[in-house]
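Structures are listed in the sections that come next.
One chain, subunit A, links the two complexes that follow: it is found with subunit B in the first and with subunit C in the second.
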Partner chain A sequence: MSKIVIQNLNKLYNPNKPNAFYALKNINLSIEDGQIVILKGVSGSGKSTLLSLIGGLSKPSSGEILVNNQNIAKLPDIMSSAFRHQKIGFIFQSFNLLEGLSVYQNILAPLALTKLGKEAMHEKVNQAMQLANIEHKKDQNVGSLSGGERQRCAIARAVVMEPEIILADEPTANLDKENSFIFIEILKKFKLLHKTVIIATHDTLFDDLACIDRCVQMRDGELLE
Partner chain B sequence: MLRKNFVEYAILLLFKDRNDHLFSFLIFSFIVFILSSVLFISDSLQYDLIQSIKAQPSIVVENTRAGRAYPMHEGYVYDIAQMAGVSSVEGVVDGYHYFAQKRLWFHVIGDAHLAKDEMLIGQGVQKAMAELYYEDEFHFLTEERLINVKIDKIAPKGTNIISNDAIYLNPNTARAVLGMEMDEYAKLYVTVPNPNEVGQVALKIVEIYPSAKATTQADAIGAVRHVYYYKGGIFMILYVIALVSFFILLKNQVGLVYGEKKKEIAILRSLGFCIKDIIALKLIQNSVVSVSAYLLGVALAYVYVFVFNAPYLRNIFLGSELENSISLTSVVDFNLLFLIFLFGVIPFLAFVILPAWKIAISDMSEAVKS
Partner chain C sequence: MSIFLSNEIIVFLLIELILIVLMAISQVNIVSILRHWDFDATTPLQYALEKKNYLVNTILYFTVTCKVILFLFFIQSLNSLAGIVPGAMCSAGVVGANHYGNALLLLKLLLIFGFGLWLIVNKLDLASITFPYLKRKYLLFTLLFIGVLGEFILEILYFSNIPLTVPVFCCTVVFQAPRLPFGYTQTLLVLFFYILFGAILLLNYLKQTMASFTCNLLFLFIAYYAITYFFGLYIYEMPNHKCPYCMLQKEYYYIGYLIWGSLFLGIFFGIMPFLIEQITQKSYVYLLKYASLCLIITALVCSVYVVRYYLMTGVFL
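Now for the complex of A and B:
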């Protein structure tokens, strides 16, 4: 069964202006439940835009994005935010942690929107930290973490709500080789947990990885599959 | 309804950014402190003056000629006493004596309980006289002669709002000091037992003596309120609020639209916070800052005015050349405090929430990439 179905998707920036341009042109893509998909392409090819549309962070100019058969492209803010909260985990190239807070407090952020009790929240945060192997740094301020640790904190935060879909935008771009391999190990855990993962990257490290189900090439906003 | 976890996380983020909020907190506390102090002083003085007016008779009559105060003779007392509704008329000697050595004006009031050569003086007068070594006796210098009067008593501090610049003298001595004839009065105190007849009697007095001014208690209270509404500073309040709110606006606008704060909103949006959540988050954080700053400002103002007697600010309101050491009566007008809250806290919140909303509705994809 298809987890994500994208039909005739277009994204036009600066419409009705001289500098208008299409970031995505007529994208059609179908991703199965539990698949790990790599979006490959050079900078500006539209990988990040596609991820942000799938995650409901921005709205397409036209076309449909069906997740579990629900068109998220037309959802009002309150519903698309709830969808993002419950179904999507984002991992960004620049980690996007809340500076000044500890690892634990960063991972707690999505749980602030829930009605869970203290114990349940604590358990969820602990599970997420174990999965990302960052529990030993839980009380440390994120400002004092290394790049790899920051990445693992971001991963723990992305999975704390146990989302069905994980979207990673250039997850290894700011990591050294050792930490990139740690990320791949976590990716294998995602596979075991049957998460649907889409990774936008141009890192060759992901080439020929056994856990990758599919590789989609993008150029100038178009799919070259 | 706001969830407990959400409120706790909002407070956590507030403490994370405490240094950013400290500026707004201090500025806002300062505005509330200034405004509350002004209102406390103004209300306290108004209250004391109105109480003293209420202790006076129903109508005070003064005479004028060519726009200047002019004394009244016994005939006025007789005519007014004959009016229907009037129970008594008392002639009062009242005027100002210029103390040339200190360049000060003393308020001279006739008091029949005092002997011809003794006087009761206010604390401000006593201080001014003592500086020139008039401690037991004072010499009033008139055009004709020097009048020596014994300083008998000093008015208690609690009456300073009225008595600070006052000298109470036997009426005849007061007349001599003020250059009045023996059967003349500066004011007439008219007692009208029925409050409903006071206005009518005041009109009748002016009909008989068109140059006279008949001031009822209500007129006097209105005049005090007018003076203190002006001095209490409706204009000052609006001016200060507008000015300082502008700085808060600028600070918060800059802080929210640019830099880390924009990114923080984008991160929270990517984690599933909707626009309403972002606004609620900012509302909680800034409500905590503004309400706590408001309470601190009001508490500091209360201590400054009613515990320390408002040093520096007090003299602006008393408007006397004599140093006045009155104790301000603790009077708190909750309506005006609510008005400060309304004019202060609501713009404070609006200036933060509007930019936050503007950021929250924008496309987050670029902000999370940077």
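Now for the complex of A and C:
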């Protein structure tokens, strides 16, 4: 069953202006439930734009993005936020952690918007920390973490809401080789948990990995698959 | 001196003008939304219209809310204008200074009710994924916008025709023999007030939206006269002081705001379920509870003044 179906998707930046350009051109893509998909391509090929559209962070210029058969491009802003909160986990290249807060508090942040009890929240945070292998740093301020640790904290935060879909934008761009391999180990855990994962990257580390179901090449806003 | 040089009027008209400009910008966009809207389409035009719709909604939500708040400021401004309009002791003199005053006040009240209705329909529209009431919501706003333009013209006419050299009649007008509707006596008026009040409570309890709508409109009319020509006497403790505005002043502990506020809110909540049903086919009967609560406050506060006066003096006015 298709988890994500993208049809005739276009994204035009600066419409009606001299510097208007298409970041995405007529994208058609179908991603099955539980698949791990790599979006490959050089900078400016449209990978991040596609991720932001799938995550409901921005709206397309035309076309459809069906997630669980619902066109998320049509969701009103408030529902789009709820959709992101409940269904999507984001892992950003620069981690986007809340500086000044501890690892535990960062991971707890998405749960603060739910009606879960204290105990249930604590349990979910612990599970997420275990999955990302960061529980030993839980009381440490994120400002004092290494790059790899910061990313694992970001991963734990992305999965704490138990999202169906995880979107990662250049997740290994700021990591050394050792931490990149740790990320791949976590990716394998996602596979076991039957999460749908889309990774935008140009890192060759992901080439020929057994846990990757599909690799989609992008260039100049178009799919080359 | 011109009335337009008073601080309150400068501020009031400036805000009104800004709101009208914002509404006019929205109205231009509304026309294009109404002409081309097709929610099922995934074309660039439709996505552009959806973005535009958010912008328009945000502007309108802001302007409509401002208009509601501005109404209170308008009432307050009328009170303070009494200081510069010769002969005026309260808003009664300022409103009655020319024949535009009462028409303006009535139009403002109707627009407030209209804005309230728009805010509820807008809320229902935004709560649904498919914007099912978008066209009706914007048509309603278009009507309201025409009303707002009329209101602005009326405001200019009203303010520019307030005489500042000739004394106006104020509460002296209402000291004269009361001009009650249909030749009612005070007793008949009060009797109707309580009968209608009871009927509304019953209809609200039975959730009869259409009947409640009709009775509420009738009650608004009757309550205005009953408060002005009967209950007001007990608030002012003067047999001839028949004024709907003085009770808004400090001397009467601003009780008018509670009385008129609860009355208008009660009427608003009472008429909305029927109107919302007509526009959206959705039930909003829970508002009738608030309607009853507000009208109970109105009736209770008014009645307390009568009872209090009787207990203190042993007579009725």
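Note that the second predicted complex is superposed on the first by the 225 of 225 C-alpha atoms of A that agree within 3 Å, B and C clash if a C-alpha of one lies under 4 Å from a C-alpha of the other, contacts with A are read in each partner's own complex, and residues count from 1 in each chain.
Going forward, contacts are C-beta pairs under 8 Å (C-beta built on N, C-alpha and C of every residue); 3 or more make two chains touch, one makes a residue touch a chain.
Note that the structure is predicted; figures quoted are calculated from it, not measured.
> Clash or fit: subunit B against subunit C, after overlaying the two structures on subunit A?
They fit: once the shared chain is superposed, the two partners occupy separate space.
> Name the contact category of A:164: first (subunit B only), second (subunit C only), both, or neither.
In the superposed model, A:164 contacts neither subunit B nor subunit C.
> Does subunit B (first) or subunit C (second) touch A:78, or do both, or does neither?
Touch partners of A:78: subunit B and subunit C.
> Is A:12 in contact with subunit B, with subunit C, with both, or with neither (first, second, both, neither)?
After superposing on A, A:12 lies in contact with subunit C but is clear of subunit B.
> Decide which partner touches more residues of subunit A, taking subunit B and subunit C as the two options.
Residues of subunit A touched, subunit B against subunit C: more for B.
> Mind working out whether A:111 is in touch with subunit B, subunit C, both or neither, as first, second, both or neither?
first
> Please indicate which partner A:61 is in contact with in the superposed arrangement: first for subunit B, second for subunit C, both, or neither.
The second partner, subunit C, only.
> Can A:149 be said to touch subunit B (first), subunit C (second), both, or neither?
In the superposition, A:149 touches no partner, neither subunit B nor subunit C.
> Mind computing the angle subunit B to subunit A to subunit C from the CA centres, in steps of 10 degrees?
An angle of 40 degrees, rounded.
> Is A:96 contacted by the first partner subunit B, the second partner subunit C, both or neither?
A:96: touches subunit B, not subunit C.
> Between subunit B and subunit C, once the two complexes are placed on the common chain, what is the minimum CA to CA distance in Å?
10
> Using the superposition described at the top, list the residues of subunit A that contact subunit B and also contact subunit C.
Overlap of subunit B and subunit C footprints on subunit A: residues 77-78.
> Enumerate the contact residues on subunit C facing subunit A in the complex.
Subunit C residues touching subunit A: 39, 42-44, 47-48, 50-51, 54, 126, 129, 131.
> Would you pull the subunit B residues touching subunit A in the complex into a rising list?
These residues of subunit B touch subunit A: 3, 5-6, 8-10, 12-13, 16-17, 260, 263-264, 266-277, 361, 363-365, 368-370.
> Can you list the residues on subunit A that touch subunit B in the complex?
48-49, 52, 55, 57-58, 77-78, 81-82, 84-86, 88, 90, 92-94, 96-101, 105, 108-116, 121, 157, 161, 169
> Which residues of subunit A touch subunit C in the complex?
7-8, 10, 12, 15, 59-64, 71, 73-79
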